Amino acid sequence: MIRTTVLLLTLCALGFAQLATKKALTLEAAKKLAAAAEAEARKNNWNVVITILDEGGNPIYLERMDGTQVGSVDVALAKAKSAIFFKRPTKVFEDNLAAGRNGALKLPNALPVEGGLPLVLADGQFIGAVGVSGVTSAQDGIIAKAAVDALPTLKP
Amino acid sequence: MIRTTVLLLTLCALGFAQLATKKALTLEAAKKLAAAAEAEARKNNWNVVITILDEGGNPIYLERMDGTQVGSVDVALAKAKSAIFFKRPTKVFEDNLAAGRNGALKLPNALPVEGGLPLVLADGQFIGAVGVSGVTSAQDGIIAKAAVDALPTLKP
Amino acid sequence: MIRTTVLLLTLCALGFAQLATKKALTLEAAKKLAAAAEAEARKNNWNVVITILDEGGNPIYLERMDGTQVGSVDVALAKAKSAIFFKRPTKVFEDNLAAGRNGALKLPNALPVEGGLPLVLADGQFIGAVGVSGVTSAQDGIIAKAAVDALPTLKP
Amino acid sequence: MIRTTVLLLTLCALGFAQLATKKALTLEAAKKLAAAAEAEARKNNWNVVITILDEGGNPIYLERMDGTQVGSVDVALAKAKSAIFFKRPTKVFEDNLAAGRNGALKLPNALPVEGGLPLVLADGQFIGAVGVSGVTSAQDGIIAKAAVDALPTLKP
């Protein structure tokens, strides 16, 4: 019985927690990441929609720069949702398509067009995604990367 | 040639133009109106989603303040769309419902809940709408009004 | 300059964090909450669908007890989504309707039928929701409450 | 009376029944199959969504393991639905696509990605399907097969 008790105590000590702890974006953080993306867009004279979603795929922030095609609102949201729902850049799906793997065309919530990137902390935790749409998908991707590059500047 | 010039001037004066000129919100203006709404929300310790749509009902700007219920994203968008699609405050539909006129429940794109206001210039031109959701609908309406009140501060 | 430095240090010390920390349900926790709901259902010989969603409204767990009407799958999911998207029991919307406030019929993602409850920690943090459907909405609500009542038994 | 009995026996032997008898999964069976799949996933340190549908394509059970991408919920459901709606592994459609037969992209309810398997009794009766999503489609398929392999352990 002593052994069992010791075992149980050890198991508890090993931390079989039923509630996890995780980091989450604030609106202030989302604005900062979007500002980095917007700066990259302005530098190139590109007009785009920029959106930041949380870990569950729900919007925190969205802006449409002047002159951006209206359709880019839904495209940017879909790219960002795709990136966090599948924890990978949307370019992965675009590349799969280009390589003839067409299954992604039917995958629910997967938009196979570059411009959506997950936001991942240094410890590997996924905290959201950025979606950009308005210029070419490669250019959208460059702008989205500027938001990702700004992640380390966030105050923890 | 003098005659032609005279004719053209006369046509212009008579107003035969087939392309209209209208005012439109910029992203900078949308951010400024949203900031006024956010300041009002913070002053009251209220957490909400604030969105600004253009004249066509398409989003220019959206932000979700920390702690705001996720459902408010779609509600704020629906309120703002309702306000510009019908050129009236969403409270009008809410009041109609309260008075037993339930038709609004079937009206496409009409959300009968306070918190959506059209953005109207001094000359009567409708240029967009603000939608707010997160607290009570009356409180949402107070925040939305702060965006409307900031309209005269926009530089023409 | 010394004053400025002191001020800056003070501001940093006050914690202007841009990344929030929050608790999240694990699958083990979701199974435990659902088991408590299922036990309540079995005690009463009620057949229902029980679902547990995370904070973003995405499913972690769903079970349909033998003999439950198929339609209850989508209803349980919609109740739970409603409860976390609006951070309140779905009964609030049902009561609003009963009192003549019909606006909820048009509110996106709000299902005005009892049986959906948010999962809230003792510190006020919303970590998800439970949705139950299969018997009367009042009975669904009793089953959902059993899941909520099991929250304090979760190991942090 | 003897004649009547003979007649009835003859009718039965000729098989004129208008109501069929069929086997159906219980929630207990679904949990057991899912547990076999979860064990296979844990053995490999893979995080996935596992779902079990009934013969009509409606969910009996769904679980999302910790750390699984959110998008896998809808994908697992779609794979399982595809497997029972078409009484074949989803890999068949994936292989068709790979061979250039793109028709499956338009086929309603067919998801051409490995990881969905029908659940078939030894007598050839289809009683449901398992759907798995979260790792590569080949790995998803390995996990789904563990559920199928557990079928013979079900008590009739």
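All chains are identified by letter, namely A, B, C and D, in their written order; residue positions are counted from 1 within each chain.
Rule of thumb we're sticking to: a residue touches a chain if its C-beta (ideal position, glycine included) is under 8 Å from a C-beta of that chain, and two chains touch if they have at least 3 such contacts.
Just so you know, these numbers come straight off a predicted model, no measurement behind them.
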By the touch rule set out at the top, what is the minimum number of steps from chain B to chain D? 2
What is the chain whose Cα centre is as far as it gets from that of chain B? D
Relative orientation of copies chain A and chain B, as a Cα rotation angle in degrees, nearest 5: 175
Just curious, how far off is chain D from chain C if you go by their C-alpha centres, in Å? 29
Counting only Cα atoms for the centres, state how far chain B is from chain C in Å. 32
Residues touching two or more other chains, restricted to chain A: which are they? 20, 26, 56-58
Considering only which chains touch which, label the overall pattern as line, ring, star, complete or other. other
Contact pairs between chains, per stated definition: A-B, A-C, A-D, B-C, C-D
Looking at the complex, which residues from chain C come into contact with chain A? 16-26, 28-29, 32, 54-58, 121, 127, 154-156
Would you mind writing out the residues of chain D in touch with chain A in their complex? 66, 69-71, 74-75, 78, 94, 97-98, 102, 104-105, 110-113, 137
Within the complex, which stretch of chain B touches chain A? 26-27, 30-31, 56, 58-66, 70, 73
Which stretch or stretches of chain C touch chain B in the complex? 20, 56-57, 82, 84-87, 100-103, 105-110
